[in-house]
Each structure stands twice: as C-alpha cells, then as structure tokens.
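Here the structure is laid out as structure tokens; the discussion comes afterwards.
Labels for the chains are A, B, C and D, by order of writing; each one numbers its residues from 1.
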C-alpha cells in the first residue's frame, strides 16, 4: 500500500481516501452523526477554542509518551475506541486492529457488536492489552455472560456504554436505507454466547438478528445496573458517555474505576455538548478521584495535548484508525498510530513539556 | 408519494424538494423573510448557541411527549402554526392539515387568512383540536364577528397576532411582484362573514379583496383591544408576537392565558431578536404565571428540547409542515410530524429525560 | 429606467447593477476601501451585532420620520453624505442629487471636490436644504473663501472633514492606476474660487489640478483651525470623522454644533473601528450636548433604527444614493431614498415605535 | 520586473504571484505551517481582533517612523526576520536582501541556515546593520564558534531561536517528500566553520549535511545555555520564540537585551497561541525592562500599529519580503519594504499619531 502512494497525513485526506475505497452507504454509516450533525461538527471545532502557550527551558531531548492507569503502563495516552463491526471496512476486522494496537503498546477495546467474537479477537493477539466494551443487554443473563466471557478471555477492563438507550437519529443512514445490523453484521458475540443460544436454540439461524435486537438495547440502564455489574466482575469498570459533572461524581461514589467523557463521536445525541467542552467541568468536580478518558473529535497531537491539559488521563481514537484499517488493514492502523504518536511527540517537544504526565491546564489559553 | 422516493428527512432537503414542486414566486413567498432576511437566518442559528448536556441513569424505556395546557392533554408539545393560505401549495389546503394534526393528537391553528373558512376547516375534522388565529381587523365589528364564529365552530382558543401592523418588507416578493393577497387568496373568512358582507353587500364580488384590505390591518392595536377581546369570549386567549419581558409581564397582568414568543418566522421585522434568544428573559420575568409557546426557527427534536429547556411549554411548527403539505397533502403533513415526534423522542431518550415535562434549563450549556 | 426592469431593492443588487453600468476602475474607485478593506467589511457587519426587541401596544398607525436639528425640521433622519465628483457616474452629477434630496425633504451635503461648484448646485435647486463639506485647504485664504462662498450661496451648515490628512491607501485604485483627481475631476470649486484664482492667475488652465493638490490637504489640521473656522462664519459647524469619546468631548468644549461619527465609509484608515461600534461610547460621553450624526455602513431601515437607538440624531447615506444616481440620475436617487424611507417606516411600525424621536437604546439587545 | 506589470500590493497577491514563479514544493515549504496550520491561519486572523480608534488634532504633516533600540536608530520599526536559505527563491539570496534592508535603514537578521555564510553576507553590504540568528547547535564548540565569527564579521546582535528543538510537523512538506535540508541547502555556515570542519575534516564533502544535522538541533536548550552565551559575547542578545509571560520575566532576570514574541510564523507548534495574542500579557509582565519585538503574521501597516500599540518596540517581517525577493531580487525586497513603510506612514497619519513612538494601547479597541 505504501509503495504505491504516500499514506495520507491529515485526517481529512485520510477520510477522503477511505471514502473512495468504501461503498457509499458504508462510508456514510461510518462518517455520519446524529440528526443534523451539529455534534459531529462541534466535536472537532471545540478543540480550537484552546491555544497552547509553549514554554522554554525544559530539556525535551527525550520526551515520554508513557502513562500508567488501570495499574498498567501504556506507551502513549491513546486507546483504540470500541468501534463495532470493523469487518465492514477490511476482511481482517478487529483481528488486524488488535495486532496494530499491540505493536504500539496501547489498549484495544473490543465492541459488543464487533465483527469478531471476543474469543476470536483474543486469538488474534493473546498478549495484547484488550478491554471489552459492553452494550449492557436488556437481558441481564446475557449481560453477565458477556462479562464473564470477557474476564475469562483475558480482557482487562469492562467499558459500559451509557449513551445507547436507542440508536441515534442518523439521517444519512435513514436516507440511504442502510443499517449494517439489518445485514446481520455485528452479531458475532451474540451467536457465540451460550446464554443467548439458550434462549434461541429452537430458532433458525437467520432469526438470530431479530433476537439479538430484542436483547440488545437497555433503555432502563441505571446506576443500580452498574452496581450489579460491579458484583459480577473484579475487572476495572469504565463508564462511557458521561458528560455531566453530577454523573461523574456519581460514578466516583458508586466506585467504578474510570469514566469516558464521550458523545459517541457525534453519532447519538445531536446538539450535544462536545466532550472537550464538558471535560473541564468534570475535572473540576472529580479531580483525581477517578481515571478520566475522553473521546469524540480527537484527530491530532495538539488535540491530545489539549485533552490532557484539560484533565484527561488519555484519549480514545475512533474514525482515524478505522480509516487506516480501510486503507491498509493492520499496517494501515499501525501507520495512523505511528503518525499520531509522532505528532504528539513533536507537539510536546514544541510545547516545552518533557512528558505527557506533566501536561496541565497552565499550558493552555482560551482563544 | 412515498412509494416513488423516500420522504426527505432534513429540513433543508424537505425545503429543496418542495421548491421543485412550487411555482418560483410561491416558493419565495413562503420561504422569504423581511428585509435582508437577517432575522430569518438568525432564527435557526440562534438555537445552536445552546448545547444539551445529557444525563445518565433515568429509565427512558417509555419517554412521554404528552403535555397539558389550555386544560387539555396534547400528545406532543407541538402545535401547527397559523400559516395562511395553505391552498397555495395543495388543493386540500387547511382541510388536509387539520386532519394530520388530529391524527397526531396536536392542535391545529387556523389563520384569519386561511384558504378555507373556519367553518370549512371544522367540517374537515370536527373532532380535531382547533384554535383560531386572529389578525384583529381594523373594524371591531368584524373582529367580534370572527371571534364569535370561531367560538361557535368549536375552536378552543383565540390567538391574537400582534406583529402585523403592516406587512413586512419582503424584498423577494417585491422583486417578484408577487402577493397572494393580490391574487385574491386568503379571503375565505372575510367573504363568508356576515358582518363583513353587511358592509360590502352592494359591491361586486371582485371588490371583496380591496374591502378586505381596508378592514384587515389594525396598526393601532393596543392592550385595550386585548381587553375588549377578553370581554367578547370566554375562550383562552394567546398573544402571538411577544418578544420583550415587559410585554410578557403586561400580558400576565391583563389576564390572557398565554403568549407566543415569535417573530413571525422572520417574515416581519428584520434584525429582530430571534425568539429563542428572547425566551430566557421572558421566562425569568413571568415564570409559570402564564403559558409560554414559541415559534420561529423550530426544525428538529433538539430545537424543541432547547425551547422547552429555556421555558416554553410547547412550540409551533411552521414552514416544515407546509412543505410536507406541498409534497403529499395530508399524508405529507403527517409524515413531517411523525418524523419530528420520533426525533423529539430520540432526543429525549439520548438526553436521559423520561418526559417532556421534566426538561428544564439544567439540561443546557451555552456553547 | 423603471419601465424596463424593476429597480433593485437590496443594496447588493443595487451595487451589482451599478457595477455593470460603470467603467471598472470608476466602480472600484467608488466601492473600494482603504488597505485590505477590513474597515469597509466591518462597517456593515458591525450593525448586525445588535438586534431589535420590538414592543407591542403603541399606536403605529401614523409613524413619523420627522426630526429637527440644526434648528430645522427634516422629513427623515437621513442626509446625503458629501460624496465628491458625482459627475463620474451621471452627467447631471450633484445637480440631480440635490433635486432628489429636496423632493424628499432632507439635506444635501455638497463636497469640496464636487463635480459642480457650490454655486452651480445652488442653481439646480435654490430652495433645497444644502450643507457644505469642507476639506480644509492647506491655504487658509482659500479655506476662508470657500466658507464665505458657501454662506453667500445659502448653504446652511459647514461640515469639516478631519480624516483626510492624506488619501487612504486604496489598494484597488493603486492596482488600477486610477485616480479621478489625476483626470482633473473634482476641481470645480477650486477653479471658480477668486482667492485660488488669485494665486494661479498666471497659470495655464491645465495646471489647475497640480495647484489644487498643493492647497488641498492640511495634515496639520487642528482644534485651533476649527476655532478659526468658527470665527469666519455664523453657520452651524459639524466635524466629520470623530470616533473617539475624548475628541467628541473636545468638540463640545470648542463649541461646534455637531459631530459626524464616521470612518469615511471605510475609505481611509484600515482596521478602523466601525462607526456604529464607536457610537455608544461617544453618546455616553457627550449625551445631548451636541448633535450626533453617523455614517459608514448604513444600508437599510434597521441600520438607521440601530444608529438612532445607539445615540445618533440622524445618519448620512453614501454609496446607496450614488448607485441610485448611476442607475437613473435624479429619479434613481429619489427611488433609493423612497425605498429607504419606506423600509425605515416599516421597521418603526414593526418595532412598535410611533416616531423616530422615540427610538432609544432600550429597543436593542446585543446579539 | 516593474516595467512589465505592476508590483502586487496586497500580501495575497504577492503570495500568489510568487507561487507562480516557484517550484510547487519550494512554494509549499515556504508557505506551509506546522500540523493542520491552525497557528498559521490564526496568526493573521488574531490581528483583526483589534480596531484602531483614530484621534483628531495632532499635526501629522511629518510623521516619523524612526525608532531606537539596541542603542541605534533605525528608520522604521521593522527588521527582516531570519529566514533561512533565501537562495531557494533567488540566486542572490541573502546578499540581495541585506542590500535592500540597508537602503531602507533597517536591520537584516542572517539565519544560521542561510544560503550564504555570514561572512559572505557581510561582504555584500558591509555597512548594513546585520544581526545573527543562532540555532544553538547541540555542540557547544560550534555554537561558540558561530557567535565569535558573527562578532568578528560586524554583526550587531545575536538572536537565539528557542522554538526549534525539532522541526515542526509540516504536513505539506511530508506529503511532498520535500526538504531543502535534504537537498544540501542551508549548510553554508557549517561548511565554512573552522570548528565544524575540525570535527569532520576526514569526511567526504557530501557527508557534510548529515554531520550538520547531528550538530544542529539542541533539544536540551536551557536558560543555562543562554547564560553561557552571555559569557561568550558582549553583543546584545535577543531570545526568539517567547510566548509565555513567565518566560519573558525569566529573560529579564537572566539579563538578555530583548525577546522576540514569535511562533515561528506558524511553522512549528500547531494550535499555538498567536504572537499578537501573547503580546499584551507579556508586556503587562515585563513593561519596559526589556526590548520586545514581535513576528508571525505581520502583513500591513495596521498590523504594525497594532503590535506597537500592544507593546512591541518593532516587528520582524518574514514571508512578505521573501516573496518580494522571489519576484525581483533586491529590488523586489526593496519594493515590499517601500510599500509597507508607506502603508505604515499612512496608517499613522490617519490614526492621528505623529510618530511610531507615540503609539500606545489607548489607540486600540477590542473588536
């Protein structure tokens, strides 16, 4: 791939290159946001409200991207967001992605609706740091089964998504009449789950999808359900989709390990506050009592520095790695991560900060 | 209609589709605003100053759009704005619209200058919740006659428009040399009115329009006239076109039932404050002493949630339903309402709020 | 002219229509601003920072545009700005303009560098309200001569321009290599002036222009010169080009009759504060001690209401009437004024204000 | 050059004209910024946050651009920024530029990576005011050698660049696969340096570039290194790349002569604070204890007045003179400076300020 023409550097070029390779409705499914896509647009714009005020005088000969949380060192403050159905863009799907994450020393988060089951993903790279993202099924039996399978398969943390009581109103997908779920994608974890199979054992395999939908959404998901989850597993628990300081505070009180400040990449609630706008208020409220991750809109080294400065411990990367996967499978994801790490390193050096762990709010000025 | 190609989802698509079906000057009459159209543009932009900060933890399995005012339950906090001369876009005109409103359980507001008389509209769907919008005629005799006819025909409220002492300076219409009034549209209520006919009984029917204009505008409309109206009828009275907190306070003191915060969809005063910008100051002033409705710029579920959060009890929908009527008559209006209710429902679920009645200002953050 | 096609309504259409009729470099001379034209652009944008909050309840059956200052009633709070060399766009030049101003009952301000001498302009419409704008010549003898001729010719006020110590850096004109002065335009007042002729009587008439330039600019113009002017004439004196509150205060103390808050239509200093931005601070400083006029960027009824609300007693209209002159001579100017007055009247009615004299800052909200 | 077609006046025209003359990757190397070029764009936009509020009454017949610092009078508050490798755009390179600077009475700053060695540049115009910009080499021996050569060659000040611990992430250059360094440009000072040659004397001349890179970057550059530099020379020292008030304060304490508030023309850190945004805070902190220069985004007379008003003693001009060099060698640089001085002079006159030394913050208003 890289021999023919240079790998795109800017996110916009990456996206446009991927767009040419993808079926139009698949591309729109990936790129689109909820409603009029105000959130989608605001997510990237909001970062630009901040400016870095670089410092002179520190030795930046050897800047460090390493950070530690979840009691484990990672090579850069980046995790791969739990994007579902990665097989839509490349036959290797999550198997390719987890390998690239491993080579870069950062965690991969497997989606509930991955193209490959969580056991398959483990087999692709058993030694990788893998987390499991849970769309908490309406049926608690399946929920518990998923968590236990993840624990058994060596996943290191559970990420519970809270912003999917229903699918966002994705106008592009409605216009296209497209849904990967309707095509039967994203059901690998379900069809391989013993509890789920117990419910549907009499069914024709073609009915799996309808059944899966029945058990999928849990619009009643509550803090009690999080407490129940806490009882099921000793793995660290992260709550994804927190945007209000009161909810962040509640997460602290209920004893989870971290929160992910996220609006689902602009794919769910339209006119939602951008994650990066929500972050300072949340940090002010909970301080260091809990790990804070952030996603939605991260595209560059300066974006990561901005997020760290405003209180995030690390960020999740979404569409950029998926477009890398589209372009070049495992190698494409690797290249996107390589470029992003290089950009982050350069940004730190030019900011005069020797380590990601020394980035704080004093580095920023409001534009 | 829906069998040929999918019904447009975004307002912009809806508008563009309608544009192709309409005669150009009719389209411009509908879409245009006063002056340089600063108000028209600002109306939709102003909503974007706000962002929703969603909450986690409430059960949103069964979100409710129902609300109550005017001592009556409605199925969603939406009313159909009193757009005149709906026959311009579809032969069924208001008769189609009132039927669609009925099927969605929301009130229809008939304009003084409707294509169909208020009695005709009643006959199209007697059991529908119907309100009557009054351009208070210069001749008080006709004004009183209109109100009494509305009461007799089962209209449930009177909406007095205050922002039409003269037609706005609609530059597109002037350029086109177009006015539906000049074509004799919008006179149904006049020509069927016994008081009006008493004045003009000697006239040739072609002179009705000139006469109607004579009695139409009331640039001296005052609070005293509102009090007079209060004496004529026991129906609830709403004042439409209030944008200043002092006027809202005056409405409370004079004893009307509600106000409609509106700039007439940007069609009257240019450089006017957007309704959504005026709303918080008005709510701060009058609190819950009076029902507050809002129109001008409402296009989506997030728009409605924003309006409710800033203090509106419900919103009026204008151009979107008219374009629905253009595309598919009653079924087109129905479809627009269906989509909007679905968008509102999704927005509530994703905001973590189980009912429209629980939406308040804490849900918003200034962008 | 109006029989062939409708007269343009929006300023942009008016400008584009005029552009087609004018030689390109003449058009650019008129439309262009100083430097990168930041001031030119900001002048019109700055008005949009304000929104009108209309009121309900006043009788607007008969709104009045009349106002009084300079001890004289005028039919609308509008004056025609002292644009020079109007003969560039129409053979009748200022003679046409003064007639249109007269028919609308508003003052015409003759420029020092008019195409027609101040006596010629008087002869075109002796009964018109005419003011004389003075580029205070470097030679005080000529300055005094001009003022005395103006007084003798029935001009009612002297407007001293303070923002022309040198011509602005008009990049479009430099690129075009165009200057109407180089072509000998704008010298009518000089060549007909007895004092000026006394200096140059031995000269060939072709040398007039060089001489004129020598006497034209007065970069040392000071408050002392204004005091000297005060001694030469009993006419009211207005200082044009004031933008700082301290200078406005100084104008009060020196005893002139009024100031014109102006940045010369964006033609002189680039990155200059827009007039409408400067107005509130000036009004706060000098209150009603002095008449305050405003120009630069006025294009519509809402612009005039905004200026009046922020403290101006009236506005000066510039490019719009010049483009009217381009399109249709006297009748074109008349039409532009007619449309503007109608727009102003409509704006007042829709604002709920019965008279221009009742407009105050409470009518506005910051956008 | 000027005989064929007029010299461009606006920066945008100048840039576009130069673009046509340059090889595409050379043009992109010059014009590009770091990362997504947010800093590059913000640099020029940030100036527009300010508006000049002109004053009336001062005699501006003879405005003065002269200023004094570094114990020497200069004819305008402008220095030519230390752009490297000027030979890329014109065969005469820095030799042409220094001559033009001399003719305008302003200092020329020679880059460490100039196309011509510092001795060659001296020989082009020995009597010119020349400063030397130092990329402080990793090898202190070479650093000291450079400084001593500069002192010996009559350079009047040392400018130490602090914002180049590594090259910025220039995405356009990466895309183009272009680096002038890779082509062996910018090595004149190295290959002629006796200390450097001592290290590499065994080498084939083609290896010079690799060696140079080894000694070039000093990512450990610290305040101690500045103190060491202070011991090596009695020349005034300026630190270039300061953006934080604390660093400016540190520069005062360490005893350097001046700072240059700069983000390297947007070429290094992306999402960096624009220089003009950083200036007021720095001025507030250090006052007149130290000379303050500014670069990055200066394109016009109003830009210079803005910078002076916010606290700069003078500005550095970058890309504009380089494009002048592209268009016409020495004469092109001369013309750009001539136009800029004229624009500055006009701006001062129209601001009512007789001298650059009288410009202060009271001249500005926030837009």
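Rule of thumb we're sticking to: a residue touches a chain if its C-beta (ideal position, glycine included) is under 8 Å from a C-beta of that chain, and two chains touch if they have at least 3 such contacts.
Predicted, not measured: the structure shown is a model, and the values here were computed from it.
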Any chain in contact with chain A as well as chain D: none
Both-way neighbours, i.e. chains that touch chain B and touch chain A: none
Chain whose average C-alpha position is farthest from chain A's own: C
Between chain B and its twin chain C, rotation from the CA superposition, multiple of 5 degrees: 90
Chain centre separation in whole Å, for chain D relative to chain C (CA means): 43
Rounded Å distance between chain B and chain D, as computed from the means of their C-alpha atoms: 61
Interface hub residues of chain C, defined as touching at least two other chains: none
Pairs of chains, among all present, that meet the touch criterion: A-B, A-D, B-C, C-D
Footprint of chain B on chain A - complex, ascending: 34-36, 38, 42, 162-163, 165-166, 168-169, 171, 174-175, 177, 219-223, 239, 241-244, 246-247, 250, 263, 268-274, 277-278
Interfacial residue positions of chain C with respect to chain B in the complex: 6, 9-10, 47-48, 50-61, 300-302, 305-306, 342-343, 346-347, 349-351, 365, 367
